[in-house]
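Would you mind keeping the following structure in view while I ask a few things?
We just call them A, B, C, D, E and F in the order they show up, numbering each chain from 1.
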């Protein structure tokens, strides 16, 4: 049962793009901030060691660059939990880094991630977005799942040649080299405060 | 010696539905809050890593969504212990997530879980209820154990075709997509305070 | 060198019943409360993972139900140590749960466990006593070791058919379904305070 | 290069008796109290898991029974280190329990362990001394190393039949069932305070 | 996709030189200081145990020698994170020690590491720079990636015989025996404060 | 590239003697005190478990005997780091114990270890110096590396028969049974304070 695009109601969820033996698919990356305790990171979803490190990098980037990400002076000194359903499916690799960072930035800023945007890309501690594999399958999966836009690493531009024209016309593609650019696209504007 | 439905006398116990090589059966998920110490989660019952992660997800969801779950401003900054008897039987898989969340929500809110309701379903950190396997065997086991109602994931609706009519008539089935809906069914009303 | 019944001089020791390849035998479960430090549980005696979990469950039950166990408002926020001699003999299984709970309840309440009472049974976090194996061998061992009474899980009643009549006449058998009932039998009355 | 009896100049060293493939020998058990930090136990000397547990049991006994051991109201809430030279020789088994307890009791009380007394025996958390193996080889080794007295578990009395008469005449043997009795023999009197 | 020299915009990144089965290449070593929490070091990038120890040595050197490194009285009592992209590529060996130290010294001092300087060398806790392998391949890689200068261990001087003359003319080579000398070359001057 | 004797400029480095498949050699043992944090010991240099325990023993001895070592009332309640270059070379065994203790005593006291003195020997928690292997190869290596004096365990005296006369004449040999005696030789006098 593959996931499809959904309206996202609260901060702390982003839509990632993955590749499995059966082709591309979308997956959701969830995060929660625990109400108190020592700062730290709990990770679930049967993630392999590379993907666990991605979550650590994403959180360290958000914590050390909160100002530069335009997140205000959010309090990040709390324990966080990152989960990637489905819970019994093993997952690995660095390409969920952008989605993990978006999820955590969403949670910290209180701004929702847009539900019609999928994203893939490795992130570095300093916020660079590095190229990943499976671009064609991922864009096709985004289209199939009903996403309107996808965010890809700039250095993956050559891979877009393989994406069919009709898909490229239906899905708006953003190429980014820095996580700030991905967040500017993916995060919704702050909620207007009720007067 | 299979378990059967029991009257539940105190908060912190819920009735789950499981599948083993010998068919479906019910199991009890227990939780306790330790009187003090650092927040954390101790897990027993020879649970495999997927099921241990389910318990972590359930607790993180309850801790980060206590308000939205209608649990009042319960204090959740304590150590918790989750146990699934029998203690020597290895168990694994994500499908006890709903029962684990119900158990912890019960404990935190002081509202008992109804003893005549069985439940199965994977939970995500944001409270979505995801489909699980073994639906027919689980509903049959619930019936056999004397349960009056069962809570199942909405996305498992197609699996109900396999459940015999006489069982469907005897057992009331609730399909839910969110943990809030499961808790609304499973938790008893708060005890009236003595005047 | 098998153990035999002894007079128990101080709180924190209970007599369990075990089964080995060589038949039943009694064993002692010891506990100590360390004078200060973070709450926690140190376990020794070459215990396997199921038996280690039994000790965790026993302590969590005592800590979360101290009031209901009639233990007064004992302070349980200390580190505990549970040991099962002999130190070089590997041991495993859930059936020492009742003895472990009795040992810890004794320590916390300052009431000695009766030295002429043996006990076996799995315990759950909520205090249910679940059935265990080897009942006949255990009752025979209790008799051989000179114990006057044994506490067994209620759901093991059918196994008593196998116990020889002369043993059943010599040893008083208590069947219990809840740990409170086991403790009511096993713990001595509080010491009278000197006037 | 086997060890021989030595004059012990400071608290925190006791003489144990061990058996190896090459026969019995004596070994020294050393302990130190670290000047500050969280209470805990660091263990070195390539000790196997049973012997590591012996050190944990010895420290827990001393910490929880300091009053009953006649050690005054010593402060035991510090980190301790137990070492058994030689550092590259793997060692295991429960029989150093009495020597470990004597070493720690010495350190805590400031009373030296007598250098002419060797000791062997398993200890339990409540202070019972349990029988161990290799009694004949150990007593011979004590004699060969120049020790004047040895402390053995009372339940090992039958093993003394195997010890040659001339050794039994040369070495004074103490049989003990409780650690208090071992400590009464092994610890020197407190230093007289300078007036 | 090999990395090439880049302008470095912020403190906490240095350019290292590595050797793989496919020849030499440059890699970036990133560091971040987390805003609060216990001092410690989180390491990502699928680093092997020798390379993880290099990061520990680098941080311990910076923390214990902050004054001597001319870093002012920087506050180093915070958690640090070191990452070496790409995240899915296993890496090991001691030769990134100099780059790791430069990255951390940069972060602590707020001075950027020059983007046109590559570096290789093992570091010791006291700041010595020890020789490493693959010097020729590393210098060739630095040249190919567009770096203007490289820092090498002094004890690797004999290896420079293998570097082609045209490369030695294009790339300025610094031989250093102490980390202070490497930092004097690699770190940019402090930013002038706006008046 | 073997190490040779060097002038030691700051406290926290000592010269050890080791034996490898290729004969004896000298190695440096480095230590650093981290500016703050919980007391503890970080160990690097690919040390095996016996050598790691040596470092723990050395630190515990220094911390528990600071007064008796003539180190004044140094503050030892800090985290320490011990490193033995080269970082990628696995090392093991107890014979660096004396050098580790000298390094740490140097660091704590602020007195440098003499750079022309090599040392080998196992240390116990109470400060005894135990014999080690490879004495001949170690003394030859000390001579070859340009060291003027070596410190050896007293119980290794018989091994000196194997050392050639010309080496014994060139290198001054100290035999010690206690770590205090080794430190009295190895540590330089305290720096005179500038008036």
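In the analysis below, a residue touches a chain if its C-beta (ideal position, glycine included) is under 8 Å from a C-beta of that chain, and two chains touch if they have at least 3 such contacts.
Only a predicted model underlies this, so the values are computations on that prediction, with no experimental measurement involved.
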Compute the shortest path length in steps from chain D to chain F over the network of touching chains. 1
Stepping chain to touching chain, what's the minimum from chain B to chain D? 2
Per mean C-alpha coordinates, the chain lying farthest from chain D is A
Chain copies touching (chain C, chain D) - same or different residues, decided at half shared: different
At the largest C-alpha centroid distance from chain F we find chain B
Using mean CA coordinates as chain centres, what's the chain E-chain F distance in Å? 30
Can you give the whole-Å distance between the Cα centres of chain B and chain E? 52
Rounded to a whole Å, what is the gap between the Cα centroids of chain A and chain D? 60
Which chain D residues touch at least two other chains? 38
Under a traversal of the ring that begins at chain D and continues to chain F, how are the chains ordered? D, F, E, A, B, C
Touching chain A in the complex, chain B uses residues 38-39, 49-50, 53-54, 56-57, 60-61, 63-66, 76-77, 93-94, 97, 122, 124-126, 128, 130-131, 155
Residue numbers on chain D that touch chain F, as the complex places them: 1, 10, 12-13, 28, 30-38, 42, 44-46, 81, 83, 85-88
